[in-house]
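These notes open a run of structures that come right after.
Both of the next two complexes hold chain A, though its partner changes from chain B to chain C.
And now, the complex of A and B:
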């Protein structure tokens, strides 16, 4: 049934650090690589070598510029995958029962054998976390690498989502948000982790850690600027430098 | 939203078909025999044709049978079940009228209620979408009802009811368009709330996550043809509402005029339904700096 569970034992999800992310897209590629060869059908590409390549991705990195009047613009790289919402609207709209939220860990999944590819769940998602695979005609979404995190056949350090494992900057953290002592709960509490588009009432599990505020470089006195940008001034010179200054002036 | 032809045909034709069934179910007109056969043939053709068209946009139509299973939570599932039940109940009523010269009025009423219930569930597929503020309003079911009742009245030859309903429909349609303009900003979604970066300053997309359009942009951020919105609205209101009303009120009442009114209404209905999808803005566009 595509009714949502009243509560879930665990709330597995990601804490994504917008301060640390460098926008390298390694998580995008490793997600695609893992998920095209494991759970469900492959993630197809269309016109991959043509003029308008497109394809199915479960994780994408946007890049935003944030600008205030007083300060220089700040660039924020913004990875986005399924937020595994507690009140997931994508699950309840599903007419076939293909979409479901697991009561044990809160992961939102699609049983592809039941999916008729109507696309309604993608309409219901505010975050663009679901993409229809054009080749297979079924809905694809982040599984939180359900086939890694419980997998006894891989080394323990690999039992995290592929995006988390691969991130060279350590910007993605995986854990249980239902446990207040977990790594992600503590990180989110310390850094003021926030939910995306909370006004949609979806109650996402994933949290985003805001970029730390950068040093204010709008006034010249606060940091050392490189020499060419400074005013040409030699009034304070003494001794040899003072003589050199005067000598050069006379030439 | 992408105005997929299959979905436009589905909502427009099945709405007309179930609207006509509503009128036939309550005995307006009180037909029997061959004339009943003709009207039920039209109603079933529209309703079933629309439902069949709706399967054309599916990625895996062979699994469509599973869509009857999730009526507890899914409006799309409820729609499928109610549509089938309506068609079956109306079939009993139609067989009585056509072949047995029997009017089982209770069955007819039940069929009429079920038919309009089907139209309601269709409308709720769209009205439930908080992600599409323009649809997320009671005006969506109101419009779907009025289109079904007015179009059904035209097809059923209920001219005075049709005139009244078409006028109300035209007014509600204009109100819905007008209120729809502000619906997105009223819902309060911005690129700042989407990214959660609003407390740092004004946000704009610096670089898209990919170099060419993806499924999300094609399906949810459809912008083609928006510049013709005003013209299309005028065309829709004229053909769907004013022209049929003028034909009924001003011109002699015969089959050709009735057919002209119906054809005009259907063309206007398609224009308005195209706008219903093409103009609907999905909040996911905010992540792409678009609406």
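And now, the complex of A and C:
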């Protein structure tokens, strides 16, 4: 069993905007390419060109449809990676101490040298955020690109996780949730950021910003209309010319 | 993190983002977006990041090949480049001397059309085009004829200022990253997004409002919005009066050969009424105020401003929201509300930038007034047989709102705006052994510009620029194989293609096309005798070719993203870019453009050889740096002149490519502030554009609400003029070539029993996959390895489908068996799937049991390139009757449950033999960097 730090100085994590995510998978692949040749062992792809390709990904996007009786169906794209929980069950379950949460910034990592690939942590994680690398036999997970965010060889503005840097729609934000003035704390407060499956008691650091209310064609125009209905002004095909003449005079 | 960063241009799709390629030990380690680049400003999509897997794909061809088995089998022998050139020249040289039209050169998703078109012109064949005919020519052509540009490469919404944005018929492509970035900005600023699309995926999923329109009815919806705006007087009269042809006087004498044409003065300029004097004057006379309310009689003939004709047409009840609601699948009150929102934002929330500017008539303006509504649209509205007129309708809507080229609206990107007058006309005059008489593709002004033989037959193999589709500005690549096989209008000898998977996902009727490609005549010879094809990868089309010229990957080559071609400019800036070999090829492959230049030199084509007959250009890079299309204007606009200090115009610079590499792979120059808006009418912009070589003289013009060239074709169909349509097309020309936007039901809907085929079937491109090319990509194929048929909840329950079920999908033309998945966020009468995921077994170095080849499928098998025969037995192409754009999205189908059986989709083609070695079992990319 491995213990968690009592508290962490920082709580680094992601605020993911479900209102803006178009589900393009840019973050998924950028994560894959950065992490396959940096921290730890590569993220393998088994049967890569075959009948059942199966690779290791630290971040995946799921797509859900939301349908209620009152509203037209809505599609929500849901990117999912490790949420760097404060009460991370994947850490406490680890028999070798390979899984740990850093006291300085709260990042949950796996020390691959100590990982024996037993997979208990993946069972313990309620989010399914860990993936066993079949080729290497070690557990892989989001590192928040720990090898980018403190990396002096990278320009300062790029010291963010690869998924954040690449996101075309700007739906992913990185920062310190321990600091109430940070970008992610402010965003989360303004937009009602929520903890995923809070009832699990894992106390995740990452926050999801919920989709905003939408109008739809089922006739329930729930958003506030900025405009009154158009009044007939020109008198239709018949009266149009005299309206036009008057209107032109005003220009 | 890496040893070196090399900055080049992505080619994982057509967006052309800037990329930083991180290198280690001579290998590609990581690819990220280039933050300085005007297109993507640092971001990169899934495809771009997966470039490593494309570059190291096991499907890469290794050497030139000649076919040794039967066509379609995939049996090849690798040969030397010298042998490849000898074979190609052995075919091409005699043809050029005798009948150059028997060589047809069609390039697919080629971005070097200014080179390939120039080459084909020098060769002398009239048969050249790229892939626009099966892509979005309706959008481009409708835009050029209406306002001198369309969406994507031509312009973009003013993302920083627009307050209401409507996006029609766009899946997650074209232009992928800029739209995602733009939507993100709109969300940040709280602007409203309305998505109009039968399918609520991607951009439509995040839209604040989704309009799940019935496919093919966008034109009706847009005209109903116009109806509402006109009824309420919510149009920008000042803008229309100044910047459009709304006041042009139109001849109203039904019996006149001038009926429906503009009244012109002695200098041949269209005439308007001056509101101050009531007198007719040239439209561009300084100081006048054009009237739109009056009429003018000349020799007893009443002439009325075009705007009156427009208002009359759209104010009728047939265009009311109530009249179109059911057909569009949109409630009338929703249509009315959206019209009200457009009007409110355009006119009550106008933006004013205090920036003086001077118009082309010399009038000074103290400020720039903007209407912050903007639009974007792509294939969803254009790939229909009513697509041209629908795209026109959307452009007219933007113009009526006064929102084009103003702050907050839609803005052109240089080299656009560019009116029809600034484009060439099409050319087709063949002289054996000599170049064609001019550029192949262009914009017809009237029937006299059609590409017809003396006897009135099509001059081109694809029948572009004929009465069947007079304004086919991008050609009809999708008709080439079918026409060549039928020998209609004539037989060809050699089909030369680049980067187009025509035996598979880029053709309608794929199964039949494969038969055409392998069909033999009574002498046992192939009906299409010779096929030369260039591709970098083992695609389906490779198996159907006789000679393969293997191309490099995008990281191994030179390229120019040229202003002469499909530019990557921004609304505020002129920009172009290069690709350069950030990795050297490790196979015996060559950049196709270098091969083309060498073929040109070996054929002795003008412009490609020196006086002594030696090759003028060593390779494509040499051409990029030293070719001049006009004096001082070449493929790249940046760093020109011997010292590299000139922009736009200047002598060739021997170090130009190095200068681009030092600058991050691109060049950008910002437009002066006072020239940034109102570009077609802004004298500062016009002067700047001339200085930079975009035009040779200022080209101010007004937008064409009423398109006179369309009316000229219609007049001919009404019996006027010497050049007459054939009788069997007279009615179609008359109905289609309406000078004001009009809607008709998609042709397939008219041709089939809609009770038998009640459903619409569509494809969309996924954001993480670009056509066939993604399937060989170990990472991307894990996202989209199969493509189910998405079926609306209504259809799903009606047919009693359950999870994991299969269905027969049947059209008038064919039948396929496919896996189904329920989707609620979908127009109730529509089914759809992802485009081009299905693969032929044996292609792309995939295992024959790969899901792409087992479960994956193509909708193409259901779509015929021809419409059903009419009463007289004649058949028309399944295309827009104005431009010839392939009407992919007109497809009507019926669905029935099927037994899952072996779980393999139908039809299932025989495997092709792979010309490349088997792919590795597993991939652990990056392992070598750890050592």
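Please note the rule applied: the second predicted complex is superposed on the first by the 217 of 251 C-alpha atoms of A that agree within 3 Å, B and C clash if a C-alpha of one lies under 4 Å from a C-alpha of the other, contacts with A are read in each partner's own complex, and residues count from 1 in each chain.
Here is the rule we go by: contacts are C-beta pairs under 8 Å (C-beta built on N, C-alpha and C of every residue); 3 or more make two chains touch, one makes a residue touch a chain.
This structure is a prediction, so every number in the text was calculated from the model and none was measured.
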Q. So, does A:248 touch the first partner chain B, the second partner chain C, both, or neither?
A. second
Q: Applying the touch criterion given at the start, work out whether A:78 contacts chain B, chain C, both or neither, answering first, second, both or neither.
A: first
Q: Pick one for A:65: touches chain B only (first), chain C only (second), both, or neither.
A: both
Q. For A:53, is the partner it touches chain B (first), chain C (second), both, or none of the two (neither)?
A. both
Q: Please indicate which partner A:124 is in contact with in the superposed arrangement: first for chain B, second for chain C, both, or neither.
A: first
Q | chain B and chain C contact sites that coincide on chain A, given as residue numbers | A | 28, 52-55, 57, 65, 67, 74-76, 136, 211
Q) So in the complex, which bits of chain A are touching chain C? A) 17, 19-26, 28-30, 32-34, 36-38, 41-55, 57, 65, 67, 72-77, 135-136, 147-148, 151, 153-154, 157, 162, 165-171, 211-212, 214-217, 219, 221, 223, 225-234, 236-237, 240-241, 243-245, 247-248, 251
Q) Which residues of chain C touch chain A in their complex? A) 1, 24, 29-33, 35, 40, 42-50, 52, 58, 172, 176-177, 180-181, 183-185, 187-188, 192, 200-212, 228-234, 237-238, 241, 275, 289, 291-293, 307-308, 311-312, 315-316, 329-331, 333-334, 336-337, 339-341, 343-345, 348, 767-768, 776, 778-783, 785, 793, 823-826, 845-847, 849-851, 854, 919-927, 929-930
Q) So in the complex, which bits of chain B are touching chain A? A) 1, 57-64, 66-70, 72-77, 80, 125, 128-132, 187-189, 191, 193-197, 199-216, 219-220, 282-284, 287-288
(Q) For the complex, give me every residue of chain A touching chain B. (A) 1-4, 18, 28, 52-57, 60-68, 71, 74-76, 78, 80, 89, 91-98, 114-120, 122-128, 131-134, 136-139, 194-201, 208, 210-211, 213
